[in-house]
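The following blocks contain the structures, represented as structure tokens.
Here come two complexes built around chain A, the first alongside chain B, the second alongside chain C.
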Partner chain A sequence: MTVVAPPRLRRSAAARFVRNREALLGLIVLVVIVGISVLAPWLAPHDPNAGDPENVLNPIGAAGHLLGTDDQGRDVLSRLLYGGRGALVVATVAVAIATVIGTLLGLAGAFAGRRTSGVLMRVIDLLFAFPVILVALSLAAIVQPGPGVLIGTVIFGAVPYVTRIVFAEAKIEREKDYVEAARSLGASEPAILLTEVLPNLVSSVVIYGTSLVGINIVFTASLSALGLGIQPPNPDWGRMISEGAKVLVTGSPGVATFPAVAILLVALAFNWLGDGLRDVLNP
Partner chain B sequence: MVRQILWRLVNLVPLLFVISLLVFFISQAGPADPIKDVLSQKMSAEQIEQIRQAYGLDQPAWSQYLHWLRDMFTNGGGISLSVRSPVSGIVYPAFLNTLILGAATVVVTVVLGVLIGFVSGIRHGRLVDRAAMLFVQIGSNLPIYWFGLIIIWLTAVWRNWLPAGGMHDLRGDGGFGDLLLHLIAPAFAASLVSMLIVARFVRAAVIESAQSDYIRTYRSQGFGRAAILGKHIGRNILPPIVNTTGLTVGSVITGVVFVETIFSWPGLGSVLLNAIAGSDYPVIQSGILLVAVTFVIVNLITDVLLDLLNPRLRHS
Partner chain C sequence: MTAVLSVDGLHVDFQLPGAVVNAVRGVDLEVHPGEVLALVGESGSGKSVTAASILGLLPGTARVTAGSIRFEGNELVGLPDKRLNVFRGAGIGMIFQDPVTSLDPSFTIGSQLGDTARLHLKVSRDAAREVGHTWLDRVGIADPERVLRSYPHELSGGMRQRVMIALAGLSGPKLLIADEPTTALDATVQKQILDLLLDLTGETGTAVLLITHDFGVVSHTSSRVAVMRAGAIVEVGETAQVLGAPEHPYTRILIDSVPAIGQRHAVAGQERRLLSATPHTGRVQLSDRTAAPRPDTGEPILELAGVAKEFAIGGLGTGRHKTTVRAVDDVTLSVRRGEIFGLIGESGSGKSTLARLAGGLLPLTAGRINFDGTDVTAVDKHDLRRRFQYVFQDATTALNPRIKVGDQITRPLLRLGKASSRKQAAQLTSRALDLVGLSAGYADRYPREFSGGQRQRISIARAIALEPDLLILDEPTSALDVSTQATILNLLLDLKDELDLTYLFIGHNLAVIEFVCDRIGVLKQGSLIETFEADDLFAADRQPATRALLDAVLPLGAPLTTKD
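Moving on to the complex of A and B:
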């Protein structure tokens, strides 16, 4: 007689994560790209900013320049390895700040009175569709174009998204028995919010924040390409696209295309990781 | 119904007030002192003070704000600091060009977004649907700047189908057909983000609608597939289409600004980028205020359209 082991109903979150191919792939891609960005000074074959008038617009696979050179003779591979640093840091930091602000606003909205929450959510609804480029342009006019503009713009753009998610979920949580129980035990409203409700929302916020980082890496790259973000001489994927724009149509598509592919890959990896985390944390 | 629309109009007043305050704040918070920047340091303190008075810079902030607002209404925002000509002459024509490109982008967004969403929705789970969803996933993560360059390369360099940029052919008659030809590529590139948002929403709405009980009832009564799709599902997804299109207005404006530079479109985006490089605050403020007000008005139109489409409101 064979004894059939009862199936384990709930695997641990880590086990589910490893089994989720999408999440694992996203994580691996991100680890590799973050690793490359951190180790760029040791990995890059050339100084990313050193131009070489003798070797302008070398093709892909040229001797010493695996991915060719740009119109100033700078090594594309070296610039590519360095180019993600600013974008990754800016998007992650800005989304983290936006997540904190949005969570607080969403919680406050869900637990405030009808009027306050009505006004708050009306404003958030409007900001939800607001053309963020106007924020970027205004910030660039106030402080000079640079990483600060990118961080401010991403925060402004991401806060409404986070607020909406947290608001919707906190409203559901508010009606649950454990909140009522805490209240009947004499807990104050702020205490209920921070110690009872917030821990139940963390996974949603983390999932959502992960996807937001991806979207905003794409967005900030375009801002940098316009000249509002990361400034030369720092190598940056977004700027590489606009710097390579002139030569893209004249037979050197790689200068602008490699950074575009890098951005696409990072953004997709953040999306996969976010989707995977959703399956793992909120099954 | 009329009361609802009037109420929405009243609601705009505080909103426009806040927007105007924020735009006014740009020059107040800016790093450049307009007087110190424009004049050399050889002037005496009294002379600088005189000029401050002439420009009203010695007044309290609220009075400056009122003056500024009046300037915006009467002459479009004063004199440009870098070109020394009226702001209205720089900003308004560019704004009109941006509006043309923006309208074309909205058309492309709705037509292609609905088409992709509808087709993949009714073929849910099939090959077409999966191909469309792959396109959506990749498209929404592509840097729009690079996408625009590729469109130029495809349509103007590799194949000589469309002009590579600009708004009119220099040798052409500048007619409407010429303008349309110049619009196709930038409008398509600018619609990248918004089109895919609409496609995703429409697809979800079609799938949900196709699975609902009343559609099943129609089907069981022997109604043809085409009749059900066109008449019933089509009608049910109209409000979400209007709603989503309204939500994408921000993305459309952002897309247009990104694309203008790439396609050398003589619009407000290029004007604003130049003005920022030259700290030309009157132009910056006037341009940003115009776009922000446009956004608010389009938002209002969407809300009213949704009210009109909502039978519960229409008959009250």
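Moving on to the complex of A and C:
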């Protein structure tokens, strides 16, 4: 009584992704920005760190400087093209690490005994209450301010959120019959966690992680603006905003505005991508 | 006699992204004053959509595209919500399937009844409370004062459905729409609720449109019945006429799908199957091991001695005192090799807990369990898991939604050493899929791409691919439509003969249990009341609990003239 399988009705995830305008737009914006950052050495018309005392605070559209120059005569366009490199790498790497740590902690919390899980989650609650800016300041005191401080701070700030979300979802998954079915089919507890439950959590983690990158691009920019992140004279969007703010009202709005727009665009794109992925991965 | 409700050529479309689904295509219905009309069909046949469109309760994606719905001569299609509200409640009452979700959890029963009374009867707050009190009395609630002060979660399912009937009834509607009012309830409660509904509507002459999938309910309650399939009505007629001599083949299938008590011996000298299907009992081989039939010695394969299980609830951090609940209490039974042992009981009687205890999925509080002569706590876990398998109630949750079904079958094969290589595991998988009536081509799909019945077949394939000795079936068909249930039951009976399996079949439907099983055990509140041969179900010395279950079975009523 063999039945030939009829053709499949569902579209693949990739096809659904392409049909989702929001996700596609987010992805395109990101690809463009990442591409520009990678190709910055070839695209930039000037050395981003080379000051020119003769051409300080050139207006937008000045000869040779399309977006003008800052208070040290450095080309704003070149600095803009280079400025995303640090922020993008730092935010992506830090959130990726935080997601892995948070997922493992959340899974362990959900499947551990009552006492272990209680202790773990109360510690996570404590981390929630800890001011992240203090972490950044202490890290900067211990190691040199720079990308390391940013990564450490973002991990510290993001892990509790990821853990909470994974914990809550894994607790729901744990009660589902397929976990018990896997147990009855001889799977060990670690195998159940990693091969049965984890695939059901991946989509929410990816979606949440994508939005987290967007948030943390803004956050690392703030830290850099405070002087805890990327150090001068290296170009960084956050640093550019804080330096440009000084000349914002004196007739050179472009110095701070262009990096601000860039940050806004990246953060929006990551959030669009996250929202779109939610629709694609959880049909 | 003019109809209370007449539906003419009703069409309802669902506008989904990329597709339009014609859920209802040309339904004609008439409900006359004082009659009970049953609308029967399987899930997805459009019966609930029809009911929802009468009250204008369709979801946002649905639209009535053609046809008319007239209530006492008033056209309801196209009326704005404000004008429909004149008819809702006062003219047409509604009782929903699940009393848990259809009562507002944040308000007391008293305030919900009172609000309805004040709205429809225009009485004062105190008088409304009086009305609520009398109605709770009428629906057979013993202590109305306490119930009026209670929140929905403090009441049992049967009580909540009584409250729903009071809510729908107190405004004195001309028509009551009951959408599967007893599906979520235990069999013994179902009959009480149906009788209550009949009594109340009989007193006031209210017409009832009863939506159900159960022909037992139809036969027990309705005077006329309409059978619905794929959005259209295929047969309408007097209940006795339709049940006794159905004209449409689909009606016949629906009726024959449900085993009647005593049907196991309907055809003498032949293996029992539903829908007059021919048994497939040729010995098949999944692998070499089953080539020789296992001796059917009648020895016990599973023995439970004084098994008990307590659950702790409350304690630190829950805001409640720590207490223990005895879910299973001193159960002793044995399942013989080669038989189908049925375990029946109401919800909360501990049957699923007992099933999990038997396979060592839950730790025991007291007692001993032997599987094939060895204690399950001492035996090698790999060997136990391979020989002792489960099929769970709801395949939608028992299959991992994010893993391809092929992988879900091959993984345990490799893990438990049933197959030594991926290739061999894949071969076994496709043979197991063949055996349950699917094909190997389904292996690379995800569970969501299958229907409910197909998913349960996959669950069964996953269990039998391991060639177990004992299969525990925990309500394997209660989440399925009746015609699907019939094919799954036939499949299980076929597989048992083909693969020399022993079943422990858990259920709450006595007709199904009696049809499938050789011996039956009755569980009540965690205790095993009695065990007996299925043939002795009607013996004089049955316990009251068993008799209650037997009384709760709603027979088809009409003589089974269709048997041939």
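Just so we're on the same page, the second predicted complex is superposed on the first by the 271 of 283 C-alpha atoms of A that agree within 3 Å, B and C clash if a C-alpha of one lies under 4 Å from a C-alpha of the other, contacts with A are read in each partner's own complex, and residues count from 1 in each chain.
Note that contacts are C-beta pairs under 8 Å (C-beta built on N, C-alpha and C of every residue); 3 or more make two chains touch, one makes a residue touch a chain.
Given the structure is predicted, the values throughout are model-derived calculations rather than measurements.
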Contacts of A:Ala267 with chain B and chain C, given as first, second, both or neither: first
Contacts of A:Ala129 with chain B and chain C, given as first, second, both or neither: first
Touching partner for A:Gly118 - first (chain B), second (chain C), both, neither: second
Touched partner set for A:Ala182, first chain B, second chain C, both or neither: second
Which partner, chain B or chain C, touches more chain A residues: B
Contacts of A:Leu226 with chain B and chain C, given as first, second, both or neither: first
First (chain B), second (chain C), both or neither touched by A:Leu137: first
A:Glu196 touches, of chain B and chain C: first, second, both or neither? second
Residue ranges of chain A in contact with chain C within the complex: 1-5, 8-10, 118, 176-178, 180-187, 191, 195-196, 199-200, 202
Complex contacts: residues of chain B adjacent to chain A: 15, 22-23, 26, 29-31, 137-138, 140-146, 149-150, 152-153, 156-157, 164, 246-254, 257-258, 261-262, 269, 272-273, 275-277, 279, 281, 284, 288, 291-292, 295, 299
Residues of chain A touching chain B in the complex: 126, 128-134, 137-138, 140-145, 214-215, 218, 221-222, 225-228, 238, 241-242, 245, 248-249, 253, 256-257, 259-260, 263-264, 267-268, 271
Residues of chain C that touch chain A when the two form their complex: 280, 317, 356, 359, 361, 381-382, 385-386, 389-390, 392-394, 397-403, 411-412, 415-416, 434, 437-439, 441-442, 445, 449, 459, 462, 466
